[in-house]
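One chain, chain A, appears in both complexes that follow, with chain B as partner in the first and chain C in the second.
Presenting the complex of A and B:
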């Protein structure tokens, strides 16, 4: 025990050294802070985008989406970004496509949009599907129910007047959604997909007819009112096992001049390509930053230890073994590393978590934040990598200073 | 002296950002338009942002107080006020008034996250200073 009443342990000495040199300490902490911020922020973005793409690929379900000619871009807006839209063509096309060679399944869908003042404070896409032929929405509901995501929602098919809503649709406390001044019960809320489906309300064709009838009674009119009976907005097509979706799309275009065909493989490939470039950029930037941070820390630690040579020589004279000097330097760098890493992780979380939706809208790529387990792994890996930079950069200087000859070090400069 | 000016200025700037940010930098959703294009009604986020003007102005005024007053007791009281205004800035969009229902609306995507971040910064910064001043005044 020293006279001041506390032990001169490596931890105590390191803490006092850091406290008495606030500028140097702040510089070291800031370098690690930037590293931790970039590592956690970058890896979180990359993981969210990859999860978004996986979810999108899983939920597309159909190989092709056939829409009226000239509406391909609008249909892509509905599909990817949930931009409400409506367009119609002859419903008989669904049956014709189902008969076509190479088509395994074909199911029509009909689009409407909600009013802006009800339900979700903005117009949302309403999609009616045909339960008899649907191969996209119902398997998705079944899968979510199997995974326990639908809680106590009723079993079985979608009843008359019932809705299935996307993950970002706000459900009233009584379990309903208001559309055209009428309340409709929500049978299920689907899991997040990072597509336009998250802001879409699904129903059967029968429910959409009932909704339109109720809306007519309230004095609302629809563009679809002028369309012939049985008009649809899109036909989803699943290609047969060995059929190339691109060839099938060309065949459909050849047989039907008045349609556009969206190929989901093509849409996904374009997104995957953009995502690949973005993730590669994040990864290379993180690696370069880590190397730069280690080099900067090495330079700062080496310079600062050179200035403190005599301090270490005195410690040696006071009886501190060489190992204790190494421990002292490593403890200092560990403390600055830990402080910088925790602050960097916290700042990245504070900035990225609240702006989740804004980031996904700005990036324009599917974005789903990883779950708690994934976040924990990303946080721990980023913490370990940024924390390790400090001791790693200090170790060579620490060994060098511990090996210095005490007598000559003290006499240096005389 | 330096820290008094720095902390007062920080709160003044954060208060002004809470108050004026949603008006100019991170705007909420616009009005719901009637068929003739006139503004028919405002959504909840509009009123949240209006309330934040007052809360932000209060924080900024307390920041000016922190610049002006040296007395430890007075500063303790000012920091307590700043802390509560930070908490209030957080509660208005999330609990007390709220905003539009859909997560992709401008208020939910940008305005409220920005106000959340500013509210957290004000609460953390003032909470730390409150603790520090409380210990000094008591001890």
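Presenting the complex of A and C:
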């Protein structure tokens, strides 16, 4: 007779036992699966939102954004959600603000929107900046270049006709973006920010003028064409070291009645508050679920071990020390814990990774998925916590069953 | 002397009253001896056997096996003793339902970490060979791949005996191994136990069967916790 000579190790004995009781095993795995799914999914969501907020805070750069009166909400839409918009006022304001007390730097920007179906699925925001005074866009380019995210791109500032595009702008295979029937070379693509900047195309004021001239030749017209020479859409302001941005905003409003002033701290604070509530909800839910899962597992394991008391008594008769019984029970719960944890993590990843953008839009908060290292840490922590629930729930029952008097167990039910 | 039980008492409370299941029991066994304990149900036979196997702690007295009082041993040591030197056949079915007959028989080898040292098989393949030879000796070799649920009571008992012999114990404690079996199967099981005794192991058998006693056996009667040797 041919027989395999496999080892009857604790793992094998536990596996055989789990295999012969598929319903109970499935119940245990499902509980851990739900736990792992929620822990990993929740923590991934929370981490992505926190990273999004950090990125937004870093990218805002300016303390204040001064826009024409009545356009504050639209400007916020440009910044946060990438909703294309344009509005104009007198460009001389930039110079006036730069001279104002408490203002460290002031730089004008000019907005246009692209045509739809040219470079992207929908119209995108075009922003022209003044390279001489800009303190927001050029530092991003420099930082991304320093971090190696703009590999192969030319050093130095933006050339005439060149563009810098956000992370979600589609670049053609020849390294250009088409705008108003003309192709423009892309000098750099910025890293993800989870803000409207991801769907924005940046250029110098000179490039925007060239772009408009080329568009005119193609027969396109712009609302800005009716605006006086030198009109701008917004002036970004950096407050001096000891100056409170809110006080400075009030001072600007007092001096210039025809403007709205957005305070980046205020925008960030509102988002941070919303995020804090969301993360607190996720964390509380995860903790409660973990406790519930441990209690449910304890009940299932305890019930199951009670049914199997005689089996453990037999193992004692055959010479298994108490430690061996504990190990068998813990191995069983570890196997179900591992299976449930891995399946839960996999399912969460399958559900969340492909729907990043959709989630980001649904939540309405900045959302950036952590990098590989961050994902690994989140995965390992979720795996450890969900995996630990099984053995933790089983340990008291395991010790109880190992301490049971074999004699009395055997005589039960006689 | 292989086994020496002296002044063994097990008392506990039953229905709020003190109760002695075993009173001052004395018994001794040499290697290869066959001893039979008879007595009515509830007379304390199983309790005595459990005490002898170290599965239950006595209120007083000692069980000396190969010169050592087993109740002075730690759990790991007494478990090792049960695994390697004392085979125990409990009443009724005692096979693990999740394992095949073959795996049930070779299971004792794996219950001590690294396998039972000193004798018997050393590798997984050898445990299979040894288990198969024991099943052959018990007359149930074709049942090796079956699960316990597929076996009759007599077949399960034979598997239990094969398993108890896996580590070649010096002492086999058998608690009514033929209790629920027909006459022919009872005779076969008793024949198997006698063969084992001839092989050098001491057998301490608890039974209701008057026919289980043969000339030359040591005979004991248990009555209300008191063990008496019949000459």
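Basically, the second predicted complex is superposed on the first by the 407 of 414 C-alpha atoms of A that agree within 3 Å, B and C clash if a C-alpha of one lies under 4 Å from a C-alpha of the other, contacts with A are read in each partner's own complex, and residues count from 1 in each chain.
The rule is simple: a contact is a pair of C-beta atoms (placed from the backbone, for glycine too) under 8 Å apart; a residue touches a chain by one contact, two chains touch by 3 or more.
Quick caveat: nothing in here was measured; it's all calculated off a predicted structure.
Model built by superposing both complexes on chain A: chain B and chain C fit together without a clash.
By the document's definition of touching, neither partner reaches A:181: not chain B, not chain C. Of the two partner chains placed by the overlay, neither chain B nor chain C lies in contact with A:255.
By the document's definition of touching, of the two partners only chain C reaches A:9; chain B does not. When the shared chain is aligned, no partner comes close enough to touch A:54: not chain B, not chain C. Looking at the shared chain after the overlay, A:284 reaches neither chain B nor chain C. By the touch criterion defined above, A:199 lies against chain B but remains apart from chain C after alignment on the C-alpha atoms of chain A. More residues of chain A lie in contact with C than with the other chain of the pair chain B and chain C. Once the two complexes are overlaid on the shared chain, A:168 sits against chain B while remaining clear of chain C. When the shared chain is aligned, chain C comes close enough to touch A:320, but chain B does not. After superposing the two complexes on chain A, the closest approach between C-alpha atoms of chain B and chain C comes to 19 Å.
In the three-chain superposition model, chain A touches chain B and chain C at no common residue. Listed in rising order, the residues of chain A touching chain C in the complex are 1, 3-9, 13, 16-17, 19-21, 311, 314-324, 405-407, 410-411, 414. Every residue of chain B that touches chain A in the complex is listed here, in rising order: 29, 32, 40-41, 43-44, 100-105, 108-110, 112-114, 116-117, 120.
Taken in their complex, chain C has these residues touching chain A: 46-47, 50, 53, 55-56, 75-76, 79-84, 88, 90-91, 94-99, 102-103, 106-113, 116, 123-128, 132, 141, 144-145, 163, 167. By the touch criterion stated above, chain A contacts chain B in their complex at residues 82, 116-117, 119-122, 124, 168-170, 199, 350-351, 354-358, 361.
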